[in-house]
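Right, I'll just put the structure down here and ask away after.
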Amino acid sequence: AEEATPQLGGTVNISTMYRTLDATTWDLQNWTWKGNHDNLQLESLLRGDLQYGPRGKNENSFVEQAYIPYNQLEGSLAESWEVKEDPMRVIFHLRKGVQWQEVPGVMKKRELVANDVITSFQSRGESPRAIPTFWDFIERWEAPDDHTVIAYFNQFHGNWPYRIAWGYYDGISPPEWQNLSEEKRADWRNAAGTGPYRIEKIETGRQQVYAKNDDYWDSVTLNGKEYPLPLNDKVVYHIIKDEASAVAALSSGRIDIMEAIRWQLVDQLKKTAPELQFRKNLSTNGTYIALRTDQKPFNDVRVRRALNIAVDQKAILSSLLNGEGELLNYPFAQRWTEFYTPLDQLSPEARELFEYDPEKAKKLLAEAGYPKGFSFDLQVCSCSPYHMDVAPMLQAYYQQVGVKVNIKTMEYGAFRSNMRGKTQAGGYLMNNGSGNPIQVLRKSFRTDQTWNASWYSNEEFDRKIDAAIKEPDTEKRNAMLKELNDFIIEEAVPHVWLPTEMGYSAWWPWVKNYYGEQRIGAVKPNAIYSRIWIDQKMKESMGKAR
Amino acid sequence: MGFYVLRRLLALIPTLFIASVIAFTVVRLVPGDVLDLMLSENVYSSGAPEDRAQLEQALGLDKPLYQQYLHWAGDALQGDLGESLWRNTPVTGEIAARLDVTLELGILALLIALAIGLPIGIFAAVRQETLGDHIGRTFSILALAMPNFWLGTLVVILPALWWGWSPPNELVPFFENPLENLKTFLLPSLILGTSLSAVIMRMTRTMMLEVLRQDYIRTAWAKGLRERRVVLMHAVKNAMIPVITLVGILVPILFGGTVIIEQIFRLPGLGQLLLEAVSTRDYPVITGVFLVTGVVVMLVNLLVDLCYGYLDPKVRYDR
Amino acid sequence: MSTETSTATATAAPRTEPAATLLRVENLHTVFEKDDGVVHAVNDVSFDVRRGEVLAIVGESGSGKSITAMSLLRLIPSPPGQIIGGRVLFDGQDLLDLPDDAIRQLRGRDISMIFQEPMTSLNPSLRIGRQLAEPLRVHGSVPKDKVRERCIELLRQVRIGDPEKRLDAYPHELSGGMRQRVMIAMGLACLPRLIIADEPTTALDVTVQAQILELLRDITRSSQSSMMLITHDLGVVARYADRINVMYAGRIVERGTAHDIFHRPRHPYTVGLMESMPRLNDALGNRLTPIPGSPPDLSDPPSGCPFHPRCRFAQPRCKQERPPLERLDEEHWKACWVNLDDTH
Amino acid sequence: MSLSIQTPAAAAPATPPRRRAHPKTLRFLRRLCKERPLGALGAMICLVLLLTGLFADVIAPEGFNAINPIERLKAPSAEHWLGTDQLGRDVFARIVHGAQLSVIVAFAATTLSIVISALLGILSGYFGGRLDMIIQRLVDGWMCFPDLILLIVAVAVLGPGTWQVILILGLLFGISGSRIIRGAVLSAKQNVYVHAAQSMGASSPRILLKHILPNVMAPLIVLYTTRLAAVILAESGLSFLGLGIPPPEPSWGGMLSLDGRSYMFQAPWLAIAPGIALTVAVFGINMFGDALRDLLDPRMRGGGGRYLARVKRTIGS
Amino acid sequence: MTHTDSHTDVTAPLLQVSGLKVHFPLRPGLFGKPAAMVKAVDGVDFTVHRGETLGLVGESGCGKSTTGLAVLRMTPLTEGRIVFDGEDISHPDAATTKRLRRKMQMVYQDPFGALNPRMRVLDIIGEPLRVHRLTRTRAEYRERVMDLLDRVGLKAEMADRYPHEFSGGQRQRIGIARALAADPSLIICDEPVSALDVSIQAQVINLLEDLQRDLGLTYLFVAHDLAVVRHLCHRIVVMYLGRVVEVADRERLYQAPRHPYTQALLGAIPIADPDPEVQARFNPSVDGEVPSPIDPPPGCPFHPRCPHATDLCRREAPRPIDVEDGHSVACHLHDPSRAAEMNHSEPSYQEQARNIA
């Protein structure tokens, strides 16, 4: 509110949290999550309400990958929505006057109608690369009129808003685009949507340029005055593989916003560019060693416990991470206050796991039949500096309890494709995005899921998670999920939990109307970026305008 | 001459064939299957064998390797290197979009390397075992000993720390604004060129020493020529032949160097494409990059051979 | 090696007919430094070349003939070579004292050199015409526009057919004999006063050798220049030389007119050379009479007379003292303690 | 024996006296110091590197992985000459043990590459014909591909790790080096004494072993030294791309590109120390290799061909 | 095996070469078809009798060495037949080759290149013994080598030295000793003295003569120095551009050379005597350069340089004609059947022959 009058126009140069990655695909039919962050031309039915974030009530930092509390949602393409039972259904009332962008050779400008939404979901569901079962809870879609879309459920699904209204795979594309050949859909020039930007230029490996959509429906009120969005003319994503180069680009002002900075670099940056504004967030990932619970020696929970106890997590946090991190951020993230059980509220057995006690660990190992210890391979991805650093420390800790660790570094592709592959080792040091409560429990611990790197399998757990998902009552469902989370931590112990790192984002003071939000749920940062305006004068006065 | 070129081109066919087989198969030997990777990208997948098979078929990876090769080779002969497994975009297009950056970087680096290496090499040979020679050689070997990425990092980071300067965001095409374009490419190609110059310098020096010992140099002295003329007119041209060969050998090294330099200087070249493709196991892209670099190397070597004709009159084309 | 004795020979140098002397070499001493010692390739050599004569230097391989020649023009590769003493007086100027630029101007203009190896002495990557024109251009002997004309004339002079075309040829397109003729043409280009021909025909066949040497002699004769002919082929020397220097182990051991050397050799080495040579008019079935032993190591030459280990006339004195080059008669000199008469 | 020559060999003093004053190696060292001072410096560096590698455990007995989080990222001091890294490990100790690793990797990979080069080069060069044709076409095809690119793919195939890196670098450099050996073999084959051996019916293995191999030794040695340096550099390049030798093994390349770059601002010494070590080692090996080439190559003997001939007079002026 | 009874017949020639052709491909073409052929040896016939020295002379590049190598079976034949000791060795099998490698030995021109600088003299000379396993014990081996050293006039203590410690003449002796080691019956000497000084050359020539006398060796002596050849060889084959132009025993060849090329060769030898009347005999009668064996002229190979050349010579290559017993010439001038076509009345060879004598 205290902001000066916005200056419209200008370019926002961003190094996003995915700064090293190009868009994997422009064809959302391919179902890769990475495409989403880049598709600023796409919108979905709902989105998070930024007013709950730092610019308003400050209840949500809006850095989460796939989690928005239900009450913090607002309409996007749908102006409003209703959840009805008998039959179970959700009714979306589409916003009127939303226009599809004109894309030469693909489509003319026209209004978005209900059928567009339905075909978007249907064709995506029919793609050969579609994820089986993802939309199985939907029985059918219906469009009673041009501005109403009804999704009939055959069964309640606790994660429905994420799955159909604001998640990774819910960007609404026009039928004209859907009907293109695969090859044409892959071409960014043909990308079409309703979003605040259209794609102007893609130079893979260097930058993605998004230009303002003049017909965008949304607006923002600043200082009591309403401005059509977006406030800027262009958003440029810079693809920078090398960290040093990215930091250099930021400190020279060639980049206005850098969304992911390792804490190690912050001190120097503060010195070099004292005007930079920083925001610190706990990473949205959990860090842990997935232990193969299906194999010896880790099929014995005592061994898994011993391996937790043998590591001084607090020491790692205070030394290696210089205090820049938190213990226990997985499966549930600390930010999910309504789900998260803090350490001190967990059972003593669980709390014990976070207390360093090598003697106890040795005892446990001996009990499990490994008095002389054993050796195991630990697969580590060379892509993560934190992991590369922590691995030797873990090795040292385990040596003290007689367990020998062979560190196997792997390059990203080999590491990732090895997860649950034939050669996956006993220990697999990984980061895993926590997503949202339902998702994290399912993907990491339900039997046979790809991301269940510890090969954890427990029939009762499977049953309970399935039941929780189907539970329509929010209170009940939340309680069930919370219980499952605590069970995993206290009893299952499929992982060695490790501290989660802090991350920073930084921006120059001339970046206005921006508060360090990174994503509104499952990426889709267009609402954030379109609200930014650049104080050109300030930039000039700081000598960074070029 | 035309016939000679044609003959040389024909002679490239077996090499090309072997290169393409290597490019095609080596890549596919990489463990960390693209299917696993694709499936693992998706937190919802369950890794069921049917899903895997379906994806395998969708990507055309279910046929025997030799069939895949034949299919690919057939397309490749028509200039179609297939489509990226992830992006579905034509590999030819992806490479075309990146080739110019790498080529420009490479050519500039090579020019710089020659501009540094040749004079120093010649000088060091002519003044063998003098202070100048020692300094020249020390410099060149130091340049060789310094890892590229380290020098590159310093060059990127220090100006940013000291003067708040970093390489520009925009990559202006050369033909739009040569000056701006060169500004972007100057530093990276300088770093790359410096380390190459060391090799060129050493080769030049060695060859010059060899040539300076030849009888015809003695003849030139005996005619009463000035040192400048003896060196430049009589020695250099003869010393250049192996140096030119070296350029052919340097091209692959140059390509390797660009991988790292492109990364540090944010240049979207083939190296970056390759690294990314390797980490995502995008076989057609890897194969394509491989093949293109291979062909470029072969063509450069052909060019080198043609240069012989100019430098060495004994090489005749017409036979 | 000791250099004190050199003064003795220097004073003994001929003082007659100074006007006729074009080049006088006094006590020239050239060494090569190698890792296992110093090679005295040319050791205290003195001689002179008169105007209009053909002076031959003969001696076995490695006796220092080429190094002597190259020392005159200061073309010794350095390192490892070094001229460590002596004077080379050309028209009264000491070439070894001249500034670099002055000696450079002399090379090719006043003194030209034709080298041993026709195959390698021409620059393989430059056209014949260019190389031939070079001495003309650098020394400005001919106006620029006349250079080509003069080159053609030179080639014609050395009897290369179709000279206009040959100017554009590269050396590898010519046969060895032609290349050697180009070398000669190059040597003659600036009408030098002294031509040093260092084994100009060793690489060639007798038939071609004959062509070239005849040519060379005719040309020097007609242009009244002097020639230093270096060879170890006694047949060649006999035919072309006026006077002969016989070298052994970096020293001149005998000097005389062609007749003196061939018919009245006074040094045992010269005698040995003559005897060991198979001749076309020898009686068939005779054994040859070789010089026993092998040439000395120049980095560690024998004491006294360098030839004494192989000399069948060697006396005790030869082992200790090195004989100076002494005059026997007007033109005949020898460095030997032993007196050989005609019949030896 | 009824040879009627006056035993020319009796003229013993005339034959070059045998010089056995110094053994060959000593003479060589003297030449190295005198003629190639920089090469001697390089040899010194190589020696230091080798000794450091051999006695790493003596020089830095605490080992390369003595983790001490309390002492992390300490600047160089009397206690930690080169400071400590992010895990509190002594950088000096890691450099010393890194030398060991570098020495192992460099020597192993280079040895492997030389064996491959020699094998391919000799097979191809000596036997020639169709075998040569086939090998050369394969080498051609192989050499089309930039080293680093092959490395990246190869490491992806085998995964990073000390032995993998050795294997890959060895193979890679081995194949391209075979050209040089082949060239040397081809020229050694030209030697008349090889012909002589063939004409007296010597078997191929004998000829290869007795006549060809010794000739190829000089280029092999030179190749060896230059490849040593190249291997060390290549490993660092791989490390930069995250494909090098995995932690906690302290490879210089890894220290430089991982720890060094990660903590570039906080602890610049983490990058400076291995950077200098790497540069100096590569520099030294190269210098030594250069000098070796000059000294071993008979054509290089006897200095340059500068016909500048400035007269240096010691007498007579 | 084609062993005939002739190998016991000492009067039969030791070596018979007929129609020998050796062509080398010049730069192989793309599809294995050579772009051009170097006709190094293009039809050569001669015989070598036991115990004699046959000289092979001619200009550089005329195919002398190649002929030697072909006889030694070190280079494949393009055409022709070689019979050695009564056995056809044109296409020898492995066993025959092995035997040949003992029976024929070679002495090389370059005394510096022919000895492996990294081997001791003992091992150099002993190599044939090793290869053919001719000695059983180390002592026997050493003794054999000492014998050989002695035979070529070197001292026993030299056995442990390396070649670089020897002078050119001594090295040539080592080379000869090596050739003798396996007890051969034919030694091919490829210009064994051309690289040596006159003073050393004489030593080696004497040695070769002595060895022949003592051991009954047969030499095929390749050289270009006609004076040396005259001294050493019993019979002489003159080659030009891959062909034999004249064969005669030495008296006749030097007294009365018939072929214009032989005459030119003899006339161009510089005579080591400055006396004007001796020098008057010097008569280099030909001009021009030797043509290339890649593209030999049609007809008689010598016709472009021959002062007597006629149209016939340009058209048709002459066949060897026996002008006297054991003296044959390949020249139309001497072919009575072609006399009509040669319009030269009087060949000048007689006059020249007189000059030289």
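Letters are used for the chains, namely A, B, C, D and E, taken in the order the chains are written, and counting of residues starts over at 1 for each.
Note that in this section contacts are C-beta pairs under 8 Å (C-beta built on N, C-alpha and C of every residue); 3 or more make two chains touch, one makes a residue touch a chain.
Remember, it's a predicted structure, so these values are computed and weren't measured experimentally.
Peer 1: Which chains make contact with subunit C and with subunit D at once?
Peer 2: Of all the chains present, those in contact with both subunit C and subunit D are B, E.
Peer 1: Determine the set of chains touching subunit A that also touch subunit B.
Peer 2: D
Peer 1: Counting only Cα atoms for the centres, state how far subunit A is from subunit E in Å.
Peer 2: 89
Peer 1: Suppose each chain is reduced to the average of its Cα coordinates; what separation in Å results between subunit B and subunit D?
Peer 2: Each chain's C-alpha centroid was found; their separation is 24 Å.
Peer 1: Please tell me the distance, in whole Å, between the geometric centres of subunit C and subunit E computed from their C-alpha atoms.
Peer 2: 32
Peer 1: Using CA atom averages as chain centres, what separation in Å is found between subunit B and subunit C?
Peer 2: Using C-alpha averages as centres, the distance is 53 Å.
Peer 1: Enumerate the residues of subunit C that touch no fewer than two other chains.
Peer 2: Only 75, 77, 79, 287, 290, 292, 294-295 qualify.
Peer 1: Can you list the residues of subunit D that touch 2 or more other chains?
Peer 2: In subunit D, the residues touching two or more other chains are 4-5, 7-8, 14-16, 35, 156, 159, 261, 264, 303-308.
Peer 1: For subunit A, which residues are shared contacts with two or more other chains?
Peer 2: Within subunit A, the residues that touch at least two other chains are 244, 268, 410-414.
Peer 1: If we count contacts the way the header does, which residues on subunit A are in touch with subunit D in the complex?
Peer 2: 243-244, 262, 264-265, 267-269, 315-316, 318-320, 380, 382-383, 385, 388-389, 391-393, 395-396, 407-414
Peer 1: Touching residues of subunit B toward subunit A in the complex: what are they?
Peer 2: Subunit B reaches subunit A through residues 30-34, 36-37, 39-48, 51, 54-55, 58, 83, 86-90, 94, 97-98, 153, 156-157, 159-161, 164-169, 171, 262-269, 272-273, 275-276, 278-281.
Peer 1: Mind pulling up the subunit C residues that touch subunit E in the complex?
Peer 2: For subunit C paired with subunit E, touching residues are 60-61, 175, 177-178, 205-211, 213-214, 232-239, 241, 258-259, 262-263, 272-282, 284, 287-292, 294-295.
Peer 1: Taking the complex as given, what residues does subunit B use to touch subunit C?
Peer 2: Residue list for subunit B touching subunit C: 129, 213-216, 218-226, 229, 233-234, 237-238, 311-314.
Peer 1: Quick check on the complex: what are the subunit B residues that touch subunit D?
Peer 2: 14-15, 17-19, 21-23, 26-27, 29-32, 125-126, 128-129, 134, 137-138, 141-142, 144-150, 153, 157, 202, 206, 209-214, 217-218, 221, 227, 230, 252-257, 259-260, 271, 274-275, 278, 286, 289-290, 293-295, 297-298
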